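These are the structures, in structure tokens.
What follows is chain A paired twice: with chain B in the first complex and chain C in the second.
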Partner chain A sequence: MTLALKELLYKMADDQLILGHRNSEWTGMGPLLEEDIAFSSMAQDKIGQSLALYTILQALGEQDPDTVAFTRNANQFHNCQLVELPNQEYDFSLIRHFLFDTAEALRFEMLTNSSYEPLAQLAKKIRGELRYHTLHANTWIKQLGSATPESTERLQKSLDYAMPFALGIFEPSPNEQELITTGIFEGEVALQKKWLAKVESVISQTKLTLPDLKSIKPELGGRKGIHTDHLQPLLDEMSEVFKIDPTAEW
Partner chain B sequence: MYGGGNTFEGIKTDSIASEDPILLAAFEARIERGEKIEPTDWMPQLYRKQLIRMIEQHAHSEIIGALPEGTWITRAPGFKRKMSLMAKVQDEVGHAQLLYSAAETLGKPREKMIEDLINGKSKYSNIFNYPTFTWADCCFISWLVDAGAIVNQLANAKGSYGPYCRALDRICAEESFHLKYGHHCVIYLASGTAVQKQMFQEALNRWWPPMMHFFGPADKISAHTEVLMRWKVKMGTNDEMRNQFLDMYVPKIWELGFTIPDPNLKKDTETGKWNYTEPDWEEFKRVINGDGPCNKERLEVRRIAEERGKWVRDALKTSRQAYVSPLA
Partner chain C sequence: MLTTQQIWKLLEEVKDPEIPVLSLVDLGVITHVKVTDDHALVEMTPTFVGCPAMDYMKLEVENLLKEKGISPVVTISFKTPWSSDLISEKGKTALKKYGLAPPPSSKVFTDLEILETAICPRCDGENTEMKSPFGPTLCRALYYCHDCKEAFEQFKPL
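Moving on, here comes the complex of A and B:
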């Protein structure tokens, strides 16, 4: 049971850490000051959420959060590939934020009923933060998804590009069945179903078209430690100072 | 809709000679009594112009200042520093937002101010034209550049223009956390390994000259500011601000075991003033006029960010225009 639980906690924590890191790269670079600030807020929430999840893992016998986050290599990370992709233009960052946070908000909503009490408690807290993330994403998707020909076209292109990676969010972990049986987590299939309904309802209020999911091959592998070429350079950058002397206090 | 019915573009007057003497006397009397001037109140054109220049420059400094520190967010060592630095730099961007709004009350739109930043027409704090090579450079900014900014901002918060003072009150409250964060980072470097100590000493050596420049040219060579002091636009001379900074922070730097690269730095116990080697004001002029180590890079980053974000801002405008169009 512990192994299955750790798999779940690691993939969630890694997702939050890596996307938080990517969001923080918008600092000083946003299309307008207000978005700069918004992406920074979401980055802080996500990094904080990953810290909380790594802290639960530490209680389960794993190493301390700093060591876990700052010293592992890419093949030891279990985040989905969607979150590690470079920010690119704002349209991609926004679409990723929308697709990922819609799933994340639902995931934590489901986890408020988890039989594993520390996770249920944490989910109740995080759920509130994620509500703002999805509110932010939905507002912008609705706005830019119908505003000008350029904004609509950009969002559509990014949506088509991101969708196979978004389906990779729901790649099940090897021991997932145990989580379902013990009531820790309802599983990725159940989550994907809820996610699709939410995504469809927002997209239907725009001029965008949701790609036909049946024709898409999901980009899998992230949950097993298989990543794009973008993750290792991100981790190298993240640990640049930390690794000067991992025993030092910074 | 802007205060006084004037816009920045309309300002031609550079002196107070053409102002209505009765209104001017009443305005000066209000400032003398310690009253705040509000956007819709009458004010001399020179006052408006100087305030726009000052607040705009301050706003630009916040947004450009986010770059040398922002580049260390992705490299900050450990969760504690990563989260704090993100919040700190976010505050700086928030300050820019507050300050652009304060300047807008005087009649210059944010878009125009950012345009003037990118085309080099308006300036920002010179210190951000220097590079942050190491984590310790970033810590120097968080602690000591913010400390310098607080010295200036606390003084300016007692100025005469209401919206700017209120923005500064909020900014100073946040800056005091930045100062604590920066000091905390430096304490850890000071009490850390030999590598960490050396890292900060080297940063201090690099940043000391720009830090001395930070408060502006020495009073004896700086422009005449008497009227700006009378109108409480400028609240202290450059040398006064510099002296206050040295008085507050040199002992703290020494206390942590670091040396300051100026053999003449010493407090005169009789006058209470600090003696120091006069910084190279030619370098200051050179850098402020565009020839510093990072001027081009900083403005280029800002220009690219504006250019890449244009379609987003255009998409917002389109929708809003459609929404407010009269139906008949």
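Moving on, here comes the complex of A and C:
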């Protein structure tokens, strides 16, 4: 049971940490000041949420959060590949933010009923914070998804590109059945179903078209430590200062 | 040894480092206080999970209690999750005076539409507009008041 629980906590924490880092790359670079602040704030939320999840892992016998965050190599990370992709243009960052945070908000919503009390407590807290992330994503997808030919074309292209990676969010972990049986988490299939309904309801209010999911091959592997070439350079940059002196007191 | 009530009273001296008019007690982040024979047990919870001021606030609480000759055991917990409803009436008044619109009750916050307007803390104008749900700190959102033509911030409902 502990192994299955650790798998769940690691993949969630790694998703939050890596996307938090990507969001922080918009600091000082946002297309307008409010967006700069929004992506920076979401970065802070996500990295803080990953710390809370790594802290639960520490209580289960794993190493301390800094060691876990800064000293593993890419093949030891369990984030989905969607979150490690470079930010690219704002349209891709926005689409990724929408697809990922819709799933993450629903995941924490489901976890508020988890039989594992520390996770249920944290989920009750994080659920409210993620409302602001989905509000932000939905507002911009609705506005830019129906604004000008350029904005809809760019978002559509990014949506088509991101969708196989988004389906990778729901790659089940090896011991997931145990989580379902013990009431810790309802599982990725249940999550994906809720996610699709939510994504469809927002996209249907725009000029965008959701690609036919049956025709898409999901980009899997992230949950097993198989990543794109983009993750290791991100980790090298993220841990650069830490590795100068891992014993330093901050 | 002080009583539980005396510890609560004492903790009113510790202020939010980013909103120095608001005590941690009025902010609602002190969730539990218990006095044992040799220790004061204080349980705290962050406003937002990623709040970078949490460690600082914990240290401030520990230092104050030590100064008063009390041995503190301060823990951070999500058992009683923070909500903006935990801000006391005194705290809400202090926020407004400081220039931050206090959060509306999160009970009416079933959908995010409630965020669309806030009451301007300067002129009490209601003709306001949310510019961004994210502001200079995780717990604040950006607004503009069309009555007094000034930007202002709201302490977010959560």
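The rule we apply is simple: the second predicted complex is superposed on the first by the 249 of 250 C-alpha atoms of A that agree within 3 Å, B and C clash if a C-alpha of one lies under 4 Å from a C-alpha of the other, contacts with A are read in each partner's own complex, and residues count from 1 in each chain.
Just so we're on the same page, contacts are C-beta pairs under 8 Å (C-beta built on N, C-alpha and C of every residue); 3 or more make two chains touch, one makes a residue touch a chain.
Computed from a predicted model, the values in this text were never measured in an experiment.
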Overlay on chain A: chain C relative to chain B, clash or fit: fit
Touched partner set for A:59, first chain B, second chain C, both or neither: neither
Partner chain in contact with A:89 - chain B first, chain C second, else both or neither: first
Chain B versus chain C as contact partner of A:135, first or second or both or neither: second
Which of chain B and chain C A:44 touches, first, second, both or neither: both
First (chain B), second (chain C), both or neither touched by A:122: second
First (chain B), second (chain C), both or neither touched by A:25: first
Superposed model, chain A: greater residue contact from chain B or chain C: B
First, second, both or neither for A:248, with chain B first and chain C second: first
Which of chain B and chain C A:34 touches, first, second, both or neither: both
Minimal inter-chain CA distance - chain C and chain B, angstrom: 5
Touching both chain B and chain C, residues of chain A: 34, 37, 40-41, 44, 47-48, 51
Residue numbers on chain A that touch chain C, as the complex places them: 34, 37-38, 40-42, 44-49, 51-52, 118, 121-122, 124-126, 128-129, 131-132, 135-136
Residue ranges of chain C in contact with chain A within the complex: 45, 48-52, 77-79, 81-83, 106, 112, 115, 131-136, 138, 142, 156, 158
Chain A partner contacts - residues on chain B that touch it in the complex: 63, 66-67, 70, 72-79, 81-83, 86-87, 89-90, 93-94, 96-97, 100, 135, 185, 188-189, 192-193, 195-196, 301, 305, 308-316, 318-319
Chain B partner contacts - residues on chain A that touch it in the complex: 21, 24-25, 27-37, 40-41, 43-44, 47-48, 51, 65-66, 69-70, 89-90, 143-144, 146-148, 150-151, 154, 234, 237-238, 240-242, 244-245, 248-250
